[in-house]
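Note that chain A is present in both complexes that follow, paired respectively with chain B and with chain C.
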Partner chain A sequence: MTALITPTSSAAEAGTAPSAGQAEAAQRRRTRRRRWALGALFGLLALAFLAALSVGRYSVPLNETARILAHEALRLAHLDGLIDLRQTWTTQERTVIALVRLPRSLMAVLAGGALAVSGAALQALFRNPLVSPDVIGVSSAASFGGVLAIALGGGGLVLMGGSFALGLAAAVLVTTMGRIRASSPILTIVLGGIVVGAFFDAMVSLVTYLADPYTTLPSITFWLMGSLSAATWTELQLACVPVAIGLTVVMALRWRVDVLSLGDADSRALGVDPARLRWILIVAVSLMTAATVASCGVIGWVGLVIPHLVRLLLGPDHRTLIPASFLLGGAYLLVVDLLSRSMTETEVPVGILTAILGAPFFVYLLVTQTRKEANDA
Partner chain B sequence: MPRTLKPAFARAAWRRAAAAAAAGAILASLGACSSRDTQEAVDSPAPSQDPIVFEDQRGETVTLEAPAQKIASAVIPAPAIIAAVDGSWDRIVGINQSLLDANKVGIISKAFPAALTTSVIADSSFEPNMEEIIKLAPDVVIQWGDMGTEVTEPIEQAGIPTVGLRYGTQEDLETWITMFGKIIGKEARAQEILDRMHTEAAAVTERVAALGKEQKTRGLSLSYTDEALSVSNGTDYSKFVFDTAGLTMVSENTEAQDGIVSPEQIIAWDPEVIFLSAFGQATPADVYADARLADVSAVKNKRVYRSPLGFYRWQVPCAESPLFWNWVAALAYPGEYEVDLRAMMEEHEQFTYNYAVTPEDIDLVLRTDINNDSAHYADLFGG
Partner chain C sequence: MLEARDLGHRYGAGPWLFRHLDLAVAGGEVLAVLGPNARGKTTLLTALAGLLRPKEGQTRCQGGVGYVPQGHDAQHRFAVLDMVVMGRARLVRSWSAPSQQDIQAAWSALERVGIEECAERPYAALSGGQRQLVLIARALVCDPTILILDEPCAALDLRNQRAVLAMVGDLARHGIGVVMTTHDPSHALSVATQAVLMDTRDIHCGVSAELITSQSLTDLYRTPIHATTVEAPFGERAVVVADFGRRPGAARRQENQIEKEAVPI
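The block that comes next holds the complex of A and B.
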């Protein structure tokens, strides 16, 4: 377990004092390696994206998929008058690619990336490897908001608004709790998160219990299981804004996250106000989590497993960890969703698949880390 | 050491003796403080006729001393079927919350105003509200027999005969009707309803067969919401309906009943006609507005229809199922399958519920307000 609490090694690197030239060379090497790694992960994401676009229950030949994409791109750029692409595809094929798979795949990237980044940020924030958006209660609160919206007959924007409002409320509540007991804010926040999460879980159960079993309950159940099947361009646009804002904030602050993971006293010594930074990050993470919950329901495990995997591959430096988590999280959810919708005629909800794949993988991670640790010792 | 222990023992003994005395005093005062007479155990009256004995769908033997006068049902659609066998709502004393909600929408309250004020004995969890049931003192309670003993045992332990039902097929529906006939002592009437059902099923199938179609119409039973598109499969009652009315069920072999499907799966199936669930709120217009489904034949040709809700929702096994078979067949083969559904509804509801439907009732049941925008609907079922 201890091996998973890794963010300290960058501090160790900073602590050694090699000559200026050596340090510079090492720095350059690290930068180069980081670029390579990010490039490779981007390639992986692109590959997964192409696979997601070309596989599904309705068969569309690969070349037609490419032609449809080119046609859509030209149309969006208003260049379709200049370059005339002969229409060789059927309208059904165009619908499948442009209206079903494309928004859905983009949504998978967005949601997977946002969840993984949220997980990575929170793990650093709380210096606890087991933290993910569901631990600080945001997921549960956002679920309750969404479930309430469905029960009251709302969808789309209402659902998104309900999830977001309650998700943010939970985050504010939890961070405020952290301020009350200033001596150990992190512990208070984690405990507060568990309490808030449990409370909202109970509220979700209450709404589920009261829902009509034949009219509203199925919608609620489908939504809670987590599925990307409802992804449309409108939904994607709705989810895009909060995720983009949250992501920008976390990406911009990723340099300081490293400092934060050193502990509050050291952060303060290095000129970073840990309380304020933590607050900003929590709001940003809530924004992203609520947006994903609203558009795809609760998809567990991505926020937990992906950051660990990236840390295993690339080390604990948050400058790399955060963008890499986005890329790998996006690719992972793309592949899982691809399985979810193409294995059988009816979909296996993606939340179930991430759990089935995530749990054993996490055990594997634990075992290999412990073994590595034993070998090192 | 013993010096400190001894007083402790003594104190404990004293305390025990005091507690015993107090308990004795409370018991003595309880015995004296009721002004009521001692309650004699009530002897059940000698049965005036042979008891009714039958086996329910759990395989349990149910015994009733006499035809039930008061019936409570946690099973949502059962009261509407019992009312059909009885020709009245008079015996129904308790229903499920979901049925009460449905009763506010359909036409059942016009025939039986009491259907809006019947007590609720269970909700979506089907767990019986025992306090309410004991207060209502029904002669029999209808409950699901396939949802575990937690939902049946409390009722049985209260000494109330409990009939366990199983959900799903036309055979199950027919078994229900037969059992309900036995429960209220109207077996001949139950048989009459069943005979009519058999005749009508055969007639629908025969009329469709007479059209001599090489290709059956491809149909889909869909529940449409913003959250998910879910479809019925071959285990659902709609399979029987599609078979009777001569349709191919495109989603017959899907793995999960009410499972979620991707829009592209629906494009791949390309159903020619889509029946929306009467449980949902979605209208045909919602489906027509969904760009993802624009190329599906049923959407292109505007053949999406919301299923009717009469005395109850037609799409589930119910006393109005024969009307549903005709509605489906008429929409699957418009202009070819000949049926005057409005006249048939008048006759059927009169026979089943002893109620004369008005033209407004029929419009409400058939949801002409939302279905008339779809192809053929006004021609087939318009006034």
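The block that comes next holds the complex of A and C.
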């Protein structure tokens, strides 16, 4: 049982002067903890990034990797004329790093981060820890867009465009459904998401069934499994904009997400309109999810597992949870992608690995979390 | 000072929950709202708090209104200080986070309800009474002149009920007007200066000691109820007894206590 409450001894007349130091100290402690955690996660991401660049079937020494990176950065900033790095690397090494692994790794960070942030925001939004970007139907709709584009012979831009457009359309459809039954909007949105998702899953199956088994079917199947192997600078640039927009919105609103996660009645009482905030966040999340599916197919489990792990490590405060989810999500997908392309002779689609690694890990999380809560109580 | 003029509300074309209702709560007063389940008590409170636009009439309040929704068994693990800072949401700009000033205000509110030592503990780890005090602190963080509490004592044990009611009395002594709902008329009799009884047909308002009688409670809940005062070791107190029946084997009071004659209060 907790400490005794003595409300009558409380004093409105106590004033703020003696407490100012205490409040500040508490705040400073918490800020320091938050900075340390985010710093450590950033370090982890940087490590994973360097490893992803240098390790692989064609291994490049770490110092050469760093030099090539520095060279590329200088070239991009048009400073290569001013500072001249002596070329110690081979052309082949540069090609592998700059043209293959760099866009691929950046895409992994972008996609992993975006999926994890989407999951974190949605879990708060629906006050349900089992929600992930797949639940609101956006992933399914975006996959249908992509599959349709492949079946019709389109690739690259057409694929991204179709997938992105349908993903957004699904988000708008689902949020509009949430307004039909204003008394229980969350339930309606989740049900709407499941319905929309099931519909587009069926459409994906239909297209897959009708696809030419010798030409389009293999590419459809491979794309659906989710893979970063197609990542190029062009794709990265295209995915960057919607992800950046969505991420900026979620980051800016992350304290309000805290308020929203208390529930509709509470947030209304605190002066935050839950319906409006939910709408803005769903659009932001859909932008990120659709862009991710459009550029690397459906990568499951990142959006579910990563926010849980971060919440377990750092608590439920979204001011930390959202940026930490981005960092850890990015690092996770980098590592899984590294495994997927170096474990076996042929590349294993990353979407398969995230599920194979994610599912048992999730069970482990559930067990430890339950035990932790039992100890707390 | 909170004033409601000619207030009326109903959902869709349903029956009017209340209509032509005039209410006024001044600083230092405690208004208790009693009524059967699903009678519209929470609707009345949200209308008074300005969270619901009533179909008729209007409310006016000098100074802010703090609203404490009915306590929930929230399992989230936000730190208590973070919970209270969220009370400043309406003052924090949409796209930014709370400032040092907001955190300072939250800390002061926690001190005001006397649980600043819990500031960094998770909300879910507190007792029910402490949680209710955190929610009260969250509503106090904007310095309201009126505090509206929806069943602050629901699901609390007797000790925690006492703590919350003491807090309500304390706030009223410091000039805050309080409106609260309760299912226990003895809560109303112990802290409220005024009462609103939401009958199935009518709504009665008045001084709580005059309005809350055996007869009015019996009519209100359609259950035989007896309101009286007893001389307890800690002083004379109002008690309300409902007739739940009595099984032959049920416990019988052992010692004879001094009891006044049953008089309506």
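What we mean here is this: the second predicted complex is superposed on the first by the 356 of 377 C-alpha atoms of A that agree within 3 Å, B and C clash if a C-alpha of one lies under 4 Å from a C-alpha of the other, contacts with A are read in each partner's own complex, and residues count from 1 in each chain.
Assume a residue touches a chain if its C-beta (ideal position, glycine included) is under 8 Å from a C-beta of that chain, and two chains touch if they have at least 3 such contacts.
In this text the structure is predicted, and so the values were computed from the model without any measurement.
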By the touch definition at the top of the document, which applies to A:D258: first (chain B), second (chain C), both, or neither?
second
Quick one: is A:Q22 in contact with chain B, with chain C, with both, or with neither? Answer first, second, both or neither.
second
Can A:T346 be said to touch chain B (first), chain C (second), both, or neither?
first
In the overlay, answer first, second, both or neither for which of chain B and chain C A:D273 touches.
neither
What part of chain A is in contact with chain B in the complex they form?
56-59, 91-92, 95-96, 99-101, 104, 150, 153, 155-156, 159, 209-215, 217-219, 222-223, 227, 229-230, 232, 341, 344-347, 349
Listed in rising order, chain C residues that touch chain A in their complex are 49, 51, 67-70, 72, 74, 76-79, 81-82, 86-87, 89-90, 92, 94-98, 100, 103-104, 106-108, 111-120, 122, 125-127, 129-130, 133, 138-139, 160, 163-164, 166-167, 170, 174
Under the definition above, what is the set of chain B residues touching chain A in their complex?
76, 97-98, 101, 123-125, 223, 225-231, 233, 251, 253-256, 258-265, 267-268, 279-281, 291-292, 294-295
The residues of chain A that touch chain C in their complex are 1-3, 5-12, 14, 16, 19-20, 22-24, 26-27, 29-30, 252-256, 258-259, 261-263, 265-272, 315-317, 319, 376
